[in-house]
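Provided herewith is a single structure, encoded as structure tokens, for subsequent inquiry.
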Amino acid sequence: MNEPILKIEKVTKSFPGVVALNGIDFDLFPGEVHVLIGENGAGKSTLIKLLSGVYPKNSGRFLIDGKEVALHSVHEAQSLGITTIYQEMNLIPNLTIAQNIFLGREPKDPKFLKLAVDRKAMEKKSGEILATVGLDISPTTPVSMLSIPQQQMVEIAKALSLNARIVIFDEPTATLEDKETQALFRIIRMLQGQGIGIIYISHRLEEIKQIGNRVTVLRDGQLIGTVGVNDTSIEELIRMMVGRELGEQFPRNYHEVGEVALELEGITQPGVLQDISLKVHRGEIVGMAGLVGSGRTETAQAIFGVQPPRTGRIKIFGKEEKISSPIKASEFGLAFVTEDRKELGLFQKLPVKENIIHAAMRNLFPKGIINLRKEQRVAQDYARKLQIKTHGLNRAVKFLSGGNQQKVVMAKWMATEPQIFILDEPTRGIDVGAKKEIYKLMDSLVAQGCSILMISSELPEILGMSDRIYVMHEGRIAAEYSRQDATQEKILQSAMGR
Amino acid sequence: MALAATKPKRNLPLFQTSGSIIMLLAVIAFFAVVAPGFFSLSNTTNIIRQGSILALAAFGQTFVILIGGTDLSIGAIMGLSTSVTAMLMLKGVDPVFAVLIALMIAAFCGMLNGIVVNVIGLDSFVATFGMWSMALGIALVVTEERTLYGFPGVLRVLHDGTVLGIPNPLILVLVICGILHFFLKRTATGTSIYAIGSNLEAARLSGIPVVLRKTLIYTFSSFMAGLAGILFLARSNSASAIDPIGYEFDSICAVVLGGTAMSGGRGGVKETLIGVTLIATLRNGMNVAGVNTYLQLVLLGVILILAFVGEKKKQSLYKRASSRPVTASGGTL
Amino acid sequence: MTTEMIPARKLEAEGGRRGWATMYRFITLLLFVALAVVFVPRFASQANLLNLTRNIFLLCLMGCGMALSMLIGGLDLSLGSVGALSSVLGATLIAGGHISLGVAVAIAVGAAIGFLNGFMISRFKLPDFIMTFSMMYIARGLALTYTQGQATYNLPRPFLWIGKGFVGPIPVPVIISLIVLLILFLALKYTTFGRGLYAVGANKKAALYSGISVPRKQIQAYTISGLLAAVVGLIYVARLNSANADLGQSWTMDAIAVCVIGGISFAGGEGNFLGLLMGGTVIGIIDNCINLLGVPSRFQDFFMGLVVVLTVTADHYAKKRQ
């Protein structure tokens, strides 16, 4: 057990404009659980996708049992014994467990001239594997009748039947209850006993102590360190995850805030949000931190009328309003710059100037007839204000760079002259220069009396731009910090529920 | 880290199939009371003979719907195969050869459909609608827009004959149904069809040759349409390019009402057989009761829409019922 | 993930490529005309050109309704059947002398069915083609039930003017079609209604987030489509001086062909009525040539289907390369 099953040497992966992984070293021994942690965007999923053969690497080496492999395709990865178990299960609901396990490799029945599937053999083998993972259910059960943890076990069983030697778990316990987590850990220990190497990604730091042997911390695409689980503490790990220099100066001028512009009381969405209460004042930027899936975007959607909440109240400038649709939200002075600007924020095929005036169309042209000159004027106005670099307002928006596209989205909403902005990851995927410009824009907006609720996964951004910070965790508000009290560690801890 | 977990699709009892059986019994009861002569042996035999044609077409449609597509060209392909067979027989070609050639042509059209949908990537509705036009056009050219008569009646036995008192079409349908059922449920390829319809990515990752299989399915669907056309020819003993038009609609109705979901991955030929029985009985009952042929189209259209609305409602009810409460496990050490 | 600013050279090429696509279509059109003049007997005769023009504009009118439903990313397969149903209903009244009433009823029926299409699609989130496919059979069935296979003849002369008459040298159907085309062209370009339509077609989700009522736009588009189908029906009835329920069997395919050649994409959000005019011209010429060459008229079906599939495929690959 001295040779690592898997060795990753100086692997780098870039996408246009961003380096996702920078010279990562990693190794995995048979029978080891090697945990991989890091913030959102640290590079964990990219590394997994490289190992699974989904993306090709740019440089570096992968070595399995000391031999270099290319991992060009998912098939190749699978044949080398690498299986990944994602959160979204890759099972076929209407087929049975046995059929799922043997999908594409069904044993043939000699009695029917090898035309038919040998069900008995398939079920027998499946039963054996299921017993190994401790799933006491008949292999002829349709997968659709299984609970999530049971489906997980089927996936593990499938991996075993594929003679997996390296099993990667991507946030396996995110949706499990305690008991189910313990059951999963038992299976993982069983896998360990068989000499299988396990890479385990999780945000639940307490679990690491229970199940892990070593821990590797990634941050911003860099390898920060690899330590034995017993040689470190959770505080230390968190420090490793966030410990960056807050070098950037954020262009913010802080001042007195005004009245309460937006207030949420007891917003609940069964299964998603639990009793959300928060306030945003005039002239204030409120940051919303939290892990992916903690409910921040869902809160924004509740406010904006995309998914009106089951219970709870929303007050705009003190008055309770029922926001049943985005149209109504806009009428009440709200604006929502969505996380996915390509899909939800812009009409890629349409020209820049049409995109800019889109949300404000009805205000600008109440009679329904569009005055082309006015359209041009308004669009040019905002393009200038936001310094949108484009080769012409008539060009389709899809030709603009990410930063400029984001500015178009901002312009679009600013044209509706709202009072309250909800920004969901406003600077994601944008180069540094454009980011600065957006920050300056945000600052000037609140200086004029607007309010901003900013959802962000970038801790420096949250700390650098917010007057106050709410941290969400699993659908609840876990903590609230003022600008002075907040630190990266505190925010991350609250985001993890500690 | 998705909170609202991807919930397993709780296996609702195939509501629609049992629902269809109930509907079928209701329809039979209704017409037995309302229309004299409905509940008779000769009429039942008629239903069986008539319905067999639909059954063959619907079997092909079932496969396409199982992988999440739709085949709108069935009626036109039926007309094409009818026309080609008749025309060839009139020219003196041996009936067996004529049938084989027609079937090959039908399969070829299906293959074109398959390629356009799966290799080129056009939507199945659009592509098969285009094929519908083309097949219809060719069929009309072949028949010179007339109805063809006077060819050897050899094929009639397919429709009119009986073996041990059982109408031939029924035997044909049951045998084919049995084979297809076995294929779908008991072979690896059949399993892969369900996989493709449920989760294309998972299927592909399991090494299933997705594009090839999907193309073959479209080929098969048109082949079955061709076969249905031959039976149609046997029944009417005349060939017209436009008579079978409308079967694509009936076939979709039969498949959907039988319990195969349009989203794919669920259902099969057994269910379709029930759907076919339902539609055929409905049509026949309406005929016997004197309902206008044209009005029947209206009713079927309405039924199809209702079936869809019903399925949507079922899906949304189901989604709401399965939302899981936020996991209570806090982060305690 | 940042995408770098697309270098200027590439942008120039992009714009050029789009312009080239329109140029390309126009050149194909000219080619068609040239071939027709040379190879098809009697093509350039005055009588034929008149006929051709009338047909082109009728095709464009058919295409208008289909274009609206395609622009929002849907499809109206019930076009022909709605045209048939509305015109046979109206024809009864017209034959009895109540021309304005008959026309009004026909248009109302068309709009109502269109409304129903749009309503069902938006309210129940039914796939567009399923709803309009069923409606195609329902409307056709109702029309056939109503007429029982009988045609209505001998309509009053003032009504026939709509199909056979002239204003100056221009046939009335052309004028009607031109007016409709103009109105829709202007509406699409210069009104919030038009912009909203493009938005829904381009990106339904983004439209929702931008505060556009997607259901409203769907209902509007399909209602107008149904209305226009009725208008086309009335014109045909006036031309043929007979109303029967078999009308419009090929309209759907023709309309789709016109739209597709005219650059209106199935995906939605793309295309304009200028392109539609070009599409109508091309299809009109093809039809005309097929007739003049003595090819059986039902070959048209084959051609339409082929043309649609080929054009969509070509567009698909052209986009992929971008």
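Here the chain labels run A, B and C in written order, and each chain numbers its own residues starting at 1.
The rule is simple: contacts are C-beta pairs under 8 Å (C-beta built on N, C-alpha and C of every residue); 3 or more make two chains touch, one makes a residue touch a chain.
As the structure is a prediction and not an experimental result, all values here were calculated from the model.
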Overall pattern in which the protein chains touch one another (line/ring/star/complete/other): complete
Chain pair showing more contacts of the two, A-C and A-B: A-B
Interchain centroid distance [CA atoms averaged], chain B/chain C, Å: 30
Computed distance of Cα centres, chain B from chain A, in Å: 43
Touching two or more other chains - residue numbers and ranges from chain A: none
Residue list for chain B, restricted to those that touch at least two other chains: none
Chain C residues within the chain B interface of the complex: 75, 77, 120, 124-126, 129-131, 133-138, 140-145, 148, 245, 253, 256, 266, 296, 298-306, 308-309, 312-313, 316
Contacting residues of chain A [partner chain B, same complex]: 74-75, 78, 87-95, 99, 103-106, 108, 112, 115-117, 119, 142-148, 151, 171, 174-178, 181, 203-204, 206, 270-272, 274, 291-295, 473-476, 496-498
In the complex, chain A residues that touch chain C: 15-18, 304, 306, 325-327, 329-330, 336, 338, 343-350, 354, 358-359, 361-362, 365, 368-370, 372, 389, 391, 395, 399-404, 412, 429-431
Partner chain A, residues of chain C touching it in the complex: 1-6, 8, 11, 14-15, 189-193, 195-196, 198-199, 202-203, 205-213, 269-270
Complex contacts: residues of chain B adjacent to chain C: 72, 116, 120-123, 125-127, 129-134, 136-138, 140-141, 144-145, 246, 249, 262, 292-302, 304-305, 308-309, 312
